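All remarks here apply to the structure that follows.
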Amino acid sequence: MDIDRDEARAMLRTMHTIRRFELKAQHLFEEGLARGEFLGALHSYEGQEAVAVGVCAHLRPEDAVLSSHRGHGHAIAKGADIRAMMAELLGKVTGISGGHGGSMHMFDPAVGLLGGNGIVGGGTPLALGPAFAAQYRGNDRVTACFFGEGAAAQGVFHESMNLASLWQLPVIYVCENNLWAATTPVNDAWPVEDLAPRAESFGMPGMTVDGNDVLAVYATAAEAVDRARSGGGPTLIEAKTYRHRPHCMVIPEHRDESELEEWQGRDPIPRFESYLVREGLMTDVEIADLLTEVEAELEEAAQFARQSELPAPDTFADHLWA
Amino acid sequence: MDIDRDEARAMLRTMHTIRRFELKAQHLFEEGLARGEFLGALHSYEGQEAVAVGVCAHLRPEDAVLSSHRGHGHAIAKGADIRAMMAELLGKVTGISGGHGGSMHMFDPAVGLLGGNGIVGGGTPLALGPAFAAQYRGNDRVTACFFGEGAAAQGVFHESMNLASLWQLPVIYVCENNLWAATTPVNDAWPVEDLAPRAESFGMPGMTVDGNDVLAVYATAAEAVDRARSGGGPTLIEAKTYRHRPHCMVIPEHRDESELEEWQGRDPIPRFESYLVREGLMTDVEIADLLTEVEAELEEAAQFARQSELPAPDTFADHLWA
Amino acid sequence: MRNVTYVRALNEAIAEEMERDDDVFLIGEDIADCGGVFGVTAGMLRRFGRRRVWQTPISEAAFTGLAVGAAMAGLRPVCEIMYVDFATTCMDQILNQAAKLRYMSGGQLTVPLVIRTQQGGGTCEAAQHSQNFEAIFAHVPGLKVAMPATPHDAKGLLKAAIRDDNPVIFLEHKLLYETKGEIPREEYVIPLGEADIKREGDQLTLVATSRMVLHALEAADRVAGEVSVEVIDPRTIVPFDLDTVAASVEKTGRLLIVQEAWQSGGFGSEIIRRIVDRCFDSLKAPPRVHGSEDVPMPFSPSLEARVLPNPDSIASAIREIVA
Amino acid sequence: MRNVTYVRALNEAIAEEMERDDDVFLIGEDIADCGGVFGVTAGMLRRFGRRRVWQTPISEAAFTGLAVGAAMAGLRPVCEIMYVDFATTCMDQILNQAAKLRYMSGGQLTVPLVIRTQQGGGTCEAAQHSQNFEAIFAHVPGLKVAMPATPHDAKGLLKAAIRDDNPVIFLEHKLLYETKGEIPREEYVIPLGEADIKREGDQLTLVATSRMVLHALEAADRVAGEVSVEVIDPRTIVPFDLDTVAASVEKTGRLLIVQEAWQSGGFGSEIIRRIVDRCFDSLKAPPRVHGSEDVPMPFSPSLEARVLPNPDSIASAIREIVA
């Protein structure tokens, strides 16, 4: 699929932003640990950037995204503010959820980010809601819902596919099959190779894509988003990918070094960069500059997060009731 | 599939027993209403007899059955005592569950009946249990789980298929697609025609059968039960059928008369009888005798139920704890 | 005033709010063609069309989740779960999502959702169709919980629930649907969080919820010559109108709570906690809860009748406290 | 005696019972290869092999249902739900099935099942990973509920739970796993339903559960010069050892319950109901519950610390009651 220069650059930039964000997040987390502070679970999106970026490239701010526990990438790709995200990780009052949410619960309805979720599969039925609302109101907004291959074993995901297909809701289910769910390999959870036939068994198109190839994801998502936007109903996309980091900061790595190395060889960022350079869309220098820019932005975000205040303890009851 | 004379007769007898049981049950229910007593929900299996009978013909007493809210047919086909079942319907202390369960909760572990269920889809994960136990203990017992096409929309059913397939458990899922779930037609619940592809998407064989043809069910179930018994794992069977009665005694009929008439033309009992007579396995007189016998048995059961005592009120706490 | 059934009152509340606000829609099992198995949504499909009345497959988790998500997106879903017992299949959507989304988002989202369902025993439907779960919902912060006992309260509270910007668990009772009562001819709304004194008295405060209000009033009648009972219906347990109950207990010095939920760990215990804290010095006798026996609901009519509180057993409980 | 961690004590209990009875098997997410995300089942796979240690897909409803069904079929499953918050996805299996099957079957079935899970806050894991649901399980008849606070109790109670023929919800606490304590060298089992007096005193009875027992003991130390506090750990809340608590309250005349669950509608309220009923005349001050603030758990460390009870806030609560 053809992609124009500006869009390509923007996508690469977002991919780098996500990756650098995760590195900084990890750094902040470790800073906390060094001070004896434990800041909850932190799930790195590193390695999977092509999925969020390839899908969200087709989304408008008024389109909705439902994300998962591993949601920083989705949030950034959807346009959430990285300073506020970073502050959220530290539970600061300037955080994207005012410090009430933390890593797994980033919300920014202004850009369509309707939240991460601490419950695996928890976003899959919620995603039906904004999709339904679009149909109800007769507008062409679409909803994308990201979740892992582990979540694909949850019952509610199947109920949701059934309803999405039955009512032809404009929702795109994006299963990021990164081969592992915490310490459980996909082969211990799936009795099959692919998820697409599952979607088809609900009368919904199912597509499989190389989730480490941002252009492939971009092309696949284009079809799915177009279908949803034009009233053609839901799609399931299974993106085959890999996470570079352990499940979360507190669970030690349990996978073979060699598996990781193999997948690092398919790292979506260098792959996309080679393509951009090869196609003459960007030069090495431009890429290096972009990286410097991104890094500066993230360092600034980290500083912002560090310097922001924690919420005053007695504000704990704020936002319970509307 | 060939079937011997004795087995054929036994199957016909069970089909009649089920049908007559339902008529008696309805009668008892109406007697109760006339006395101002309301005896809960009563879901008639009339019209679906071929499914329970065709499947259970392959089961041994030590094999398990998990049933649904519409469970009298499964219980009878599995060999439960009709006197105790009838008494249960009236909440008598002689009932099959001591009056604690009622129509939806008939239990008789001695014949492998591990219960009806008031929760639609509720039996689907429970069925994994005895199947797992068989595998764990290394015996060749199998488990059959009956549920409606309405239940097939429940998430837990999908989780259960996934686990059954993944662990190759000896379970047979039997979906009785009677076209309606309470007042909801299958077309308002399923975006697809058949369920078999759903099973296949979990790597499990899926079969579709005419649920009003007891021999077809018998043949299909033979394959599934053999597979399970010999370690070949689970199977899903979708049996297309129809219930002759309204959803339950208290919800008025809402379906077209003509639909019912059409399906009554495919009534599994006369169909099987014609076959038996045609093949010379039974004569009309033998069938008439069998019916008289069944009717007498049921009248006796109804009498037993009527004459039995209600549990003493102060026994309400019995059986809460082991 | 008009004399209508509880089910009719609910039906009117829904119709009026749907008329008033196009964002209100209905979703649930069997709610369209037959108007719900208890008839609460009867006629809605004809009146408002398919766009606003969504009959679902049997997938409580998916359609409740859809409702939560639609509320986040600005609609005002009224979601029916046929029996509260089935809410066990969508507790994640209720307890982890609906109740928490506003808080977790730092107030950025609102979830203007009503989950209507009905609970209770008395119909020989046995253990999986007779439960009372208000204590579960009331324990988890972020959910309002309404339990109307009369047609009047049912209508006024349901309208308030639909207009509320928070998730409201609206608990009807299967044996109240056909009961009748007066409601105003003109439109009215009953704010969530205001108890109603259903009967005045000065010797014992009886707090009852849902169907138990009717039994409590009957019991109060029976003991009228002996004990003067004040019957208070909180109508919503979250928010709970502690002031009204406390004022009564300060007057009477005695408190009995009658709930259909199990005796142990019900909301009655929570009322005792609050009243003991607030009115300790006014109490002349130990406040008590009279609830259902702590067993799954037995099917048999003889057992079910024994397990549920009834006017007789309530009258005995009143006499015991006063004795 | 040996000094071991809580997680180690649990691990030993499981291994001993698996050794003792081939019908005991383990099922849950991530329990085999890594021994559970908290390490409770570490080493079990190596020791007992794949036949007895079943690592599942993320399907709480299916594998909990499997465990219930396997228990009906005579096995003794020990089922791990990683966080109690996730039990919302299998509440049907727990509340409608496991709790009721024996009763509904008229005593024909038994469900010798243990559901282990862990609960609680204090780790900045926010609203969907910090809840305490014991009140929900305790409200529904048919489930036993254990909440051990020490390695000693954890081991003894878990062994009892595995041997019990009823479903037992076994609630660990994520911040107790690394705490240490003495346990006997020889085998022991602690019967379900016996409270333990963790500290004697005669001016105030403090009932605390799970991790709050540790905070309560610390608070009792702090106020030692002013108030003599008796700290009682019921250890199981179903069955609940009312006798021990009532005897203490009759002695002290004052009762404080400290629970990590939300203040409103927790099991503490139920304890108050029972004690007020039984010990009304002995009470010198209103019994109180000190629980978490009634909000979803906020992520931010500054807010989380404010929401949870801690030794300081418990000490204040003690002083207030005695004042």
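Every chain is named by a letter (A, B, C and D) in the order it is written, and numbering of its residues begins at 1.
In the analysis below, contacts are C-beta pairs under 8 Å (C-beta built on N, C-alpha and C of every residue); 3 or more make two chains touch, one makes a residue touch a chain.
All values reported here derive from a predicted model rather than from experimental measurement.
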Response to the item:
Shared touching partners of subunit B and subunit D are A, C
Item to complete: Express in whole angstrom the distance between the two chain centres, defined as the mean CA positions of subunit A and subunit C.
Response: 40
Worksheet item: CA centre of subunit B versus CA centre of subunit C: separation in Å?
Response: 36
Worksheet item: If you average the CA atoms of subunit A and of subunit B, how many Å lie between those two points?
Response: 46
Worksheet entry | Junction residues of subunit C, two or more chains touched | 56-57, 59, 61-62, 85, 88-89, 92, 96, 103-104, 126-128, 141-142, 294-296, 298-299
Worksheet, complete the sentence: Contacts with two or more other chains occur in subunit B at residues 95, 97, 99-101, 105, 117-119, 122, 153-156, 159, 162, 166, 188-190, 320
Worksheet, complete the sentence: Among line, ring, star, complete and other, the chain touch graph is complete
Fill in: subunit D-touching residues of subunit A, taken from the complex the two chains share
37-41, 88, 91-93, 95, 97, 99-105, 117-122, 150-151, 153-156, 181-184, 188-190, 251, 254, 310-317, 320
Worksheet entry | subunit B partner contacts - residues on subunit C that touch it in the complex | 29-30, 33-34, 37, 55-59, 61-62, 85-86, 88-89, 123-129, 293-296, 298-303, 305-307
Worksheet, complete the sentence: Seen from subunit A, its contact residues with subunit B in the complex are 153-159, 162, 165-166, 188-192, 197-198, 200-204
Practice prompt. Report the residues of subunit A in contact with subunit C in the complex, numbered from low to high.
Written response: 64, 66, 95-101, 105, 107-109, 114-115, 117-119, 122, 124-134, 136, 155-156, 159-160, 162-163, 166-167, 318-322
Item to complete: Give every residue of subunit D touching subunit C within the complex, in rising order.
Response: 85, 88-89, 91-92, 94-96, 99-100, 103-104, 126-128, 135-136, 138-142, 261-262, 264-270, 272-273, 276-277, 280, 283, 285-289, 294-296, 298-299
